[in-house]
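Notes follow once the structure below has been shown.
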């Protein structure tokens, strides 16, 4: 048994916790990628010969330098790239998936969710909107409209004071993109940073922030694999900013589960005998 | 095939939808109850001889009269009380569970979640915070601290203009309650209506609102089965108000899933040939 | 002196309050209009010969029928159309202004603000974003980008379950509008219902909800006076829905000011003598 | 004339802007204090002989070290302590006032508000809830209930992952405080970090976050002048954390006012001649 501010936890509960109190310095980022289309489709391979994760990881190092240390993992790695060791050494994870969401096992998805609750930052990219961890954290269906027609996207900043918008202009453009359109079936974002305009007529909530447990989540729309989106300096800048923003920054305890506190902090007038069998 | 404002849906997608556009008049409320402790524990049986659901349903009829029509269902009913027929005829569901959350099958929990997305209002009561539908809709662990010590609870209204607060004073008291204390592990509520003060020293976000899909959710804390909480006029009033507030009130279409919109609404300059194999 | 749930108020404080507990049946709507351009500009007069307020009021009666009773008032009316009598008989006010925001006196703007705090619903239309009451309630500058170029606006619903979206499709179009573009300098809306797409390349948070005090506020963008926007069925429907949504619906007391509560509700261990001169 | 991403501003508009893009290193903090009761009341003078501002400034230096540089200013300083020079050199301002809110001129209050919009972080302490800058930024009355009875306050963290909660336990106590109770008449906070429990029976939203314009605002309740609150290590820690959290961290442009953008970013089909007299 041990105590936190008067609360008693069993050792078992204690060791089960892997709460993150504060990101390491440098921030340890794991760039997770489904990494299938880069291998199966020549069109994608030309753009991302070493996989999207390689480009994203390199961009983070260029933008954040000493402040970050990256690793990559992917679906076909050991335990689908989310071993306890990997997660235990990750402050921030970026997630890209598209065709193989269903192959991620429920157990592995749950590990990611649990790590977010314990404080890990999660940046969900583009088609990751349909990934198991994201849907599980949102509690919604996360659907949207889409069209691949090489159309112009103009991304407007609606929250210029937000750290994720640092270094960006009032808007930036991506000349050829896959369109994602509303209704984006998500909970109302805690903070909405970017809204996209599409040439073909739709709008989209492109940069959205939430907190779940101790962890922060940022969804960022750009990234279709048939366009060189992750080479774009503005896109890179947003992801780099988001790494800093979602990184864990609090050591306040995150006490989960249903904790019994039989002793009160302040006096209670009544005398009461609890029937323990009601709480089994 | 049929069309909504230029979007084409297959019949299959169409019939799969059971979207609720507007609550019936009267609002059809299903009071779902685990209904175990009332049968297994004499102490609880004395308070709720016909089950908590009976008291709640009767209270709704008294408070809302012609505006509501209630039915009850419980865990040991056919398909755990959430048959397609029941859900298809329910505008608002109230949910109370405690000891048997794990017995609710994933499939049945998912039915409730899906019905909420499609517009059904959901009122989660007391220990329902740990129910599968609530945890699934929140995307968090939904834990809390608790103590059963017959202590005073004082429930403060922090949103006096909210329809759920109608008819209530600045605060109301429950003389003997089980305590629930923070940290309540939920996403930041869209609207926080009540905060509880407990004699023993804790506080709790007792009345919380969220939207998921088209459905509204209200969590309301009071209700431990060893106290006659659901006979309290203020508690009844809150639940009755909540029924009206969570009831579906919009026929705007809720298009879910990943819908392909190959034709744009406004002209696109580029000519583009999509590789369909990337979207399989 | 009188008491609400143990709190004591002086008569003076009491009579100063004009709190609205519940909208009348029918809901009393005052359509406030600056009503200058309709008289000074032939182009506008052709579209709105009796003023925009006449069209809006008529639309509300058509859409809401017996549920609503409308009146109109305008800047050049007695006390700028916001006499105590008018406000005291108004459950919901709609506000349109453009060229003469500065002519509205601070005192009159403050009356509107106070009435919102006390529960009146406020629907701010189009160029009303720069009106004194709206800026005062937001606490921000409320600026935006604009262009009058007769361009297409496509208004997307991002909250299909919201009562304000009832009866609307996934989107609707206004063929010729004045453009309003982000950054719209507002506090993050409590609920964001609509986002606009503009032909010329901008996006805008077009339908936004907030609560201030007991009152609800809905900002709705469409409405430039050189286009027949308020004859559009979808626009009318949104405003009619909003009337119902912002209408006061709670009798819970809204205790304002700094109220001294010398007697505690629960026992306090310490003995303490307050130095009243510190609180003068 | 100069341009930002295609938008044209006149020099005048440009020079009128004093937008903060990023906090200096170290962060420049101005601790503003009304500084009256420390001089007029012996009881207060004993606790804060050099004024509360001296204690707060010293605490920030101890907690944040090289990361911060503090200055103090007060109501009886030149231009009430908010000269253009002071504000122009301030990244974060803390504000404490009580008896003399009305003496702060509207012009000076407006300067503070404008600086917040332009990016300055603002930490409003205790009775500052009734200060002009805070009320102006909130758009509400900011009232509350209060009692000075030397009662225990227990401050619960409801957002353990928030940077402002870093270093804190699940709760902390202040043995003797002035009570502030709900209803706290504020807009729903963007993020609610702390809720207080009071021995005498009330609750209070004690740590609240908002954004207005580019600036972040944190309200923190503790601080009555007759108790040595600002010597408390937890209180100091919260304020120090808040300084880091509200400090400006984005260079994205904050374009205010009503900006005319006559040229569109994307082509518009219609030909249109604007009547400029409608926009004067």
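Letters A, B, C and D mark the chains as written, and numbering starts fresh at 1 in each.
Note that a residue touches a chain if its C-beta (ideal position, glycine included) is under 8 Å from a C-beta of that chain, and two chains touch if they have at least 3 such contacts.
Remember, predicted model here, so these are calculated numbers, not experimental data.
A.B. asks: Using the touch definition from the top, list the chains contacting both chain A and chain D.
C.D. replies: B, C
A.B. asks: Name the chain whose C-alpha centroid is farthest from the C-alpha centroid of chain D.
C.D. replies: It is B.
A.B. asks: For chain C superposed on chain D via Cα atoms, how large is the rotation, as a multiple of 5°?
C.D. replies: 180
A.B. asks: If you tally contacting C-beta pairs, which comes out ahead, B-C or B-D? Let me know.
C.D. replies: B-C
A.B. asks: If you average the CA atoms of chain B and of chain C, how many Å lie between those two points?
C.D. replies: Whole-Å distance between the two chain centres: 30.
A.B. asks: Based only on mean CA positions, could you tell me how far chain B sits from chain D in angstrom?
C.D. replies: So the centre of chain B lies 37 Å away from the centre of chain D.
A.B. asks: Indicate the residues of chain C shared as contacts by at least two other chains.
C.D. replies: Where chain C meets two or more other chains at a single residue, that happens at 7, 152, 154, 157, 159-160, 170, 181, 183, 188, 190-191, 199, 201-202, 211, 213, 254-255, 265-266.
A.B. asks: Once you've mapped the touching chain pairs, tell me: line, ring, star, complete or other?
C.D. replies: Graph shape here is complete: every pair of chains touches.
A.B. asks: Could you list, by residue number, the parts of chain C that touch chain B in their complex?
C.D. replies: Counting only chain C, the residues touching chain B are 4-5, 7, 22, 119, 152, 154, 157, 159-172, 190-191, 199, 211, 213-216, 248-255, 265-266.
A.B. asks: Please give the residue numbers of chain C that touch chain D in the complex, ascending.
C.D. replies: Answer in residue numbers: 7, 37, 41, 43-44, 98-99, 113, 117, 130, 136-141, 143-152, 176, 179, 181, 183, 185, 187-188, 190, 199-202, 210-213, 225-226, 254-262, 264-272, 274-275, 277-280.
A.B. asks: For chain A, which residues count as touching chain C in their complex?
C.D. replies: Chain A residues touching chain C: 154, 156-160, 170, 181-184, 188, 191-192, 195-198, 201-203, 205.
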